[in-house]
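Two complexes, one shared chain (subunit A), two partners (subunit B, subunit C).
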Partner chain A sequence: MLLAVMSGFILASIVPFSGKLLRGRWSFMTTALPGALFVYFLTLIPSIANNQVRLFSYQWVPSMGINFDFLVDGLSLLFALMITGIGTLVFLFTSAYMKGDAYLGRFYGYLSLFMGAMLGMVLSDNIFTLFVFWELTSISSFFLIGFNNESKASRKSALVALAITGLGGFFLLAAFALLGNITGTYSIREMIGSADILKAHPSYLLVMVCLFIAAFSKSAQYPLHFWLPGAMKAPTPVSTYLHSATMVKAGIYLLARFTPVLGNVPAWNHTLTIVGGFTMLYAAFHSIFKKDLKEILAYSTISALGMLVFLLGLGTSEALLAMVVYIVVHALYKASLFLITGIIDHETGTRDINKLSGLRKVMMPVSIAGLLAMISNSGIPPTFGFVGKDLIYASTLESEILALSLTTIAVVTNMLLLYAGILTGVKPFTGVLPESFKEVHLPDWRMWLPPLVLGIAGLILGLFPVFIEGGIVMPALHSMYPMAPPFHLMLWHGFNLILGLSAVTILGGLLLYFLFKPGLRHQTWMAKLYGSSPEHIALLFSRKFRVFAAVWTRLFQNGYLRIYVLMIISFLTVLLAYKSFTQVAFYINPAKISPLTSTELVVMFILIATVLYAVYTPSRLAAIAAMGVIGYCICLIYVFYSAPDLAMTQFAIDTLTVILFVLVLYRLPKYINYSSWLIRVRDGLISLIFGTLISILALEVLYEPTNKETTRFFTDNAYTLAKGKNVVNVILVDFRGMDTIVEITVLTIAAMGVFALLKLQLNKYDQEL
Partner chain B sequence: MEIVLAIIVGLLYASGIYLMLRRSLVKLVIGLVLLGNGVNLLIFLLGGLVRGKPPIIPATESILGEIYADPVPQALILTAIVISFGLQAFAIVLIKRTYIVVGTDDLDEIHSTEEEDDY
Partner chain C sequence: MKLLIFRTTTIFLLPLLLLFSIFLLLRGHYLPGSGFVGGIIAAIAFILHAFAFGLKNTRKLLRMHPLALMPVGLALAVFSAILPIFQGLPVLTVLWLDEPFPVVGLIGSALLFDSGVYLVVLGVALTIIFTISETV
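Here is the complex of A and B:
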């Protein structure tokens, strides 16, 4: 099992380097991996048939309770089969669709990475591995959306998608951390046992909201839906695979997975019903105004996702059953429609529904696939879509509250979706073939076969739903709703209200298609609405935020060294002043003050005078000389207070510095004041306040008791251990000898730098400057 | 004595910072030197002032007696003096080189790596 999940990652790390081999005729070989995985997961069906689960456990970070616990139950197997099954068809489709692309290897790499991550996510029982895989799907989605990285629109869409799904990721981590803390386990399986504790816990709402934000961002629910239409900038196989059939259902999966843990609480159910219901209506409504095939599909996908959330919100066993069936239905027909769009785009070069017509004459198999997808989408018998829609109506009608309104919403959404389905699945193939498309021909079988397979699968499952009823649908329902009574999926329930609603839906959708033609008036109307859409607000926010960041950066990182120094010093001054005036009791202990001899007094006086002179003198040479005098005065202070080593060093270094200064800076420009007097007064004030604070602090610290333990160690051991009488020297060359070596190294590097700078001959370019 | 020395330390800090806030590169380096001296003196002051008792073990003893200047701050300052010399030497030569290449020691004219200010 570990191999099954990891194989995606392994392939992803090999494929990009296979270069030429892959670009040739062997490209379809990559299809073998999802194909093999699909078969492997099919073989697992019997093991879960009687609502059993299988757990594959591998240690990862056992000390932190993070393991690869792969749980195979109905829900995870349903998703795993979708991921690998549709993956197989998409991989096959890609080999023809992207033929000759220079970066095909990279593309397959991202796709495999995604497949591995998605499989890992749906199979993980440990919440932290689930989180890691969840984020990996976002990242692979980012790379795939931005695959045409030369297009600005692609890059922008990729960033928006990453920002939104990444935001969701943060909330997911928060939700998981809370869940782990409350329940004391990182295993979802074990959390189900603590469901009652969780629901009574004060943090329950917080967990729920975090989880919802994560799921809504990933599954494109209003108001976090707007990244999905943008994500359609990706090559069509990506739109099919990630942004319609699998990845966007990760949020649905998350909600479904946590339904037994957190669900069946009014807040949970009502929020999901409202958000899902609004999203499905909102997106379906938008889809009918779009002109681009992919945009229509994007909005109808959002609408379908809304439908799934809506059903999760109803939360009854019928609704959850309807959800499971609708996941399969939607994956089949939507993937098919996307692939068909890909074919049309690839062969004709346009996705504008107003330009496309009559294509059935040149690509018959594709138009059959389109028709099959459309009737499944519309819920026309005998397709699986009909079974799915029946169940949806059954569950809304049985709702305890607002049954009528919920049913109405579902019916209206389905009518609009039917309209979108006809536009994308049938419209391009009917009518007259325009002159410009005469040259269009049927593409490679690797392209038209996958949508046809999906269409036929929808038909077969509709006729014989028993094929997946016991193996997949019931176990999946059982993982969400352990008490669910047995159901039988059926195509024909006899003449009843539900059938009537289906008929109303189909008729309404067809009427809409023939009577409603969106025109320019609608376009301007929709454009006005855009001002209040979440997309507009989010983009506006990101723009303003960037402006703010630029202003902020320019304010603080303005490139002027002295402004940095000024800010640091001012801040430090304020902080020190505040602390020392509020928390330090200022006093001077006269007993500790040593008397001052006249010699010392003279030296100190000279020192103070030269410091002032060094600051004010208008002559550079005088300033350097003053600097030298300051150094010698300090040298004398060291002499007075028992530091002969320091005095000698200071003397030598000071002399050297002054000589170097004079020699090197001999021919510099005039030593002038660049700043105005106002700035100089400001700087002077700040410096003086800072200096005063340092003086006060120095006096304060001086009377704090000091710990002389380190000193004691050195004075005791300097002779006994290191055989040296000068303790300072012994510390430097013996006890801290390594530090001194490093110091010498630093000096050497500085010396080399000095030498290089002095010897460097300017080349021609520099001289021209 | 300590009070006077504390004032001197404060003065060295103040003048060092003031010179570092100037636009002239030469003043910047002089400020750096003064600030370095101020820091050294501060450490020295905080180590405690002892007159005429250097931390040198007398020839007849094997450990240091009770009253002596603290050797630890002295060792620290010694290192600091030497390192700051390395820094100063490099800075001085760098100023020289900068002046040769750019033709000014005004920091405001060389605060960008671009030839022209393109903010």
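Here is the complex of A and C:
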């Protein structure tokens, strides 16, 4: 199992370096991996029959409770099969679609990275590995959307998608941290046991909101939906795989997975129903006004995702069953429609629905696939889509509240989706073939076979739903709703209200298609609506934020060293003053202070004199020399208090520092007094206050009870354990040797930085001269 | 005249300071001193030379770019740190030779580690000072 999940990552790390080997005719070989994984997951179906689960556990960070616990149950296997199954077809499609692309290896690398991450996500039982895989899917999505990195629009869409899904990731981490804290376990399976504690916990709402934001951002729910249409800038295989069939369902998966843990609470159900219901209607409504095939599909995908969230919100056993079935239905027909769009785009060079027509004459198999996808999308019998839509209506009709309005929303959404399905699946193939498309020919079989397979699968599952009923659908339902009664998927329920609703939907959708043609008037109308859309508001916010960031940076990072020092010292002063006035009981015990000796007095006197000299001298070099004297005085104080190592180091360092300063300042022009007396007074005051506070702090530290245990350990064991008598040195090279290694590494980096910066500057001057 | 005295002193001081720096490095484990101070004092010795005879001559004397000292030092330190792994001991365990070395005394991998620190500090100090005095 570990190999199955990791194989995607392994392939991702090899493929980009395969060079020409995979760019040519062998590129379809990469299909072998998802294909093999699909077969592997198929063989796992018997092990979950009768609602059993299988756990594969591998240790990772056992000390922190983070392990690779892969749980195979109905829900995860359903997703795993979808990921690998559609993955196989997409990989195959890509090998022809992207033939000859210079970066095909990289593309396959990102795709398999995504596949591995997605598999890891749906199989993880540990919330933290789930989170890691979740973030990896966001990152691979970012790379894939920005794959055409020379296009500015691609890059922008990729950033928007990363920002939105990344935002969701933060909330997911917050939700998981809270969950782990409350339940004391990182395993979702074990959390189900403490579901009642969770639901009664005061933080329940917080966890729920965080989880919702994460799921809604990933699954493109209003108002976080707008990254998905932008993500269509990616090559079509990516749109098919990530942005309709699998990745956008990660949010759905998350909600489904946590339904037994957090679900069945009014707040949970109502929020999901409202958000899902609004999203499905809003997006379906938008989809019918679009001209670009991919944009239509993007909005109808958002609408379908809204439908899934809506069903999760209803939360009854029928609704969850409908959701499972609809996930499969949607993955089959939407992936197919996307692939068909890809073929059309590839062969004709356009995706504008007003230009496309009559293509059935040149690409028959594709038009069959389109028809199959459309009828599954529309829920026309005998496809699997019909089964799915039946279940949706059954669950809305049986809802305890607002059954009528919920059903109406579902029917209207389905009508609009049907309209969108006809636009994308049928319209390009009917009518008269324009002159300009006479040359268009059927593409490679690797391109037209995948959508056809998906379409036929939809048909077969519709005729014989028993194929997946016991193996997948019932176990998947069971993992969300353990008390679910047994249920049989059927194509034909007899004449009843549900059938009537289906007929109304189909007729309404067809009527809409024949009577309603979006015109210019609608376009301007939609453009006006854009002003209030969340996308517009988010972009406005990001622009304003950039202005704010610029002002903020100019205020605090203005490039003047003196201002930096001033800021830091003032901040510290305020902090220290606040702390010492509010929390420290201030007292000095004179008995505890050792008496001053005459030598110390002399050193102190020199120290004070040189400080004053350094401040008032008109010469730079003299000031630096004075600073050196101050350093040496401090060395002497170290010597008085028996710290020879410190004294020696301080002495050497001070010498070096003075040399360094002399080197730099020697070349500067003559000392001129730039600062006015007001600034000098201000600086003097701040340094006085700061110095006083530090002195108080130093005196206070003397009275704080200290823990001498560490000191005692070092002094006692320096010789016995490390055979050294110089404790300071033993600590440096032995007890805390790792620190020293890191320190010298940092030193090296700093020196290289100085070297690079100064040399770079030199080159710049040369160029200017 | 001033320069003449300075130069003559430097000729004698340079080897003395270098010897002193190595002396500090070696005695570090038992008495005040360590690779860090040793490295800085060695750097000061070379900088003194640079003041007296010019940077070019010091570079010639050093024969290598001071940048090159840093990776060597780092490698020495890391090598001494991972050496114990081959004997099945945790990283950074200090290994000791059985026989005391003449003059220096008992030698362990801590000395190797400290020599690494010495070289890194020498390299860092010289790189920074040389670069600044060349560019500014």
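Here, the second predicted complex is superposed on the first by the 554 of 769 C-alpha atoms of A that agree within 3 Å, B and C clash if a C-alpha of one lies under 4 Å from a C-alpha of the other, contacts with A are read in each partner's own complex, and residues count from 1 in each chain.
Operating definition for what follows: contacts are C-beta pairs under 8 Å (C-beta built on N, C-alpha and C of every residue); 3 or more make two chains touch, one makes a residue touch a chain.
Quantities reported herein were computed from a predicted structural model and do not represent experimental measurements.
S.K.: After the superposition on A, what does A:608 contact: first (subunit B), second (subunit C), both or neither?
M.R.: Only subunit B is touched by A:608; subunit C is not.
S.K.: Name the contact category of A:664: first (subunit B only), second (subunit C only), both, or neither.
M.R.: A:664: touches subunit B and subunit C.
S.K.: Touching A:754, do we find subunit B (first), subunit C (second), both, or neither?
M.R.: A:754 sits against subunit B and subunit C alike.
S.K.: Should A:655 be classified as contacting the first partner (subunit B), the second (subunit C), both, or neither?
M.R.: second
S.K.: Identify the partner contact of A:630: answer first if only subunit B is touched, second if only subunit C is, both if each is, neither if none is.
M.R.: A:630 contacts subunit B only, not subunit C.
S.K.: Once chain A of both complexes is superposed, is A:738 in touch with subunit B (first), subunit C (second), both, or neither?
M.R.: After superposition on chain A, A:738 lies in contact with subunit C alone.
S.K.: Tell me which partner A:686 touches in the superposition: subunit B (first), subunit C (second), both or neither.
M.R.: In the superposition, A:686 touches subunit B alone.
S.K.: Is the number of subunit A residues in contact higher for subunit B or for subunit C?
M.R.: B
S.K.: Which positions of subunit A sit in both the subunit B and the subunit C interface?
M.R.: Shared contact residues on subunit A: 644-645, 649, 653, 656, 660, 664, 725-726, 728, 732, 740, 747, 750-751, 754, 758, 762.
S.K.: Taking the complex as given, what residues does subunit B use to touch subunit A?
M.R.: Subunit B reaches subunit A through residues 1-15, 17-24, 26-28, 30, 33-34, 37-38, 40-42, 44-46, 48-59, 61-64, 68-72, 74-75, 77-79, 81-83, 85-90, 92-97, 99-102, 104-108, 111-112, 115, 119.
S.K.: Sort out for me which residues of subunit A touch subunit C in the complex.
M.R.: 644-645, 648-649, 652-653, 655-656, 659-660, 663-664, 667, 722-726, 728-730, 732-734, 737-738, 740-741, 744-745, 747-748, 750-752, 754-755, 758-759, 761-762
S.K.: In the complex formed with subunit A, which residues of subunit C make contact?
M.R.: Touching subunit A: residues 24, 28-37, 40-41, 43-44, 47, 67, 70-71, 73-74, 77-78, 81, 91-92, 94, 96, 106, 108, 110, 113-114, 116-117, 120-121, 123-125, 127-129, 131-136 of subunit C.
S.K.: Write out the stretch or stretches of subunit A touching subunit B in their complex.
M.R.: Of all residues in subunit A, those touching subunit B are 554, 559-562, 565-566, 569, 588, 592-596, 600, 604, 607-608, 611-612, 614-615, 620, 623-624, 627, 630-631, 634, 637-638, 640-646, 649-650, 653, 656-657, 660-661, 664-665, 668-669, 671-675, 683-684, 686-688, 690-696, 698-699, 701-702, 706, 708, 710-711, 714-716, 718-720, 725-728, 731-732, 736, 739-740, 743, 746-747, 750-751, 753-754, 757-758, 760, 762, 766, 769.
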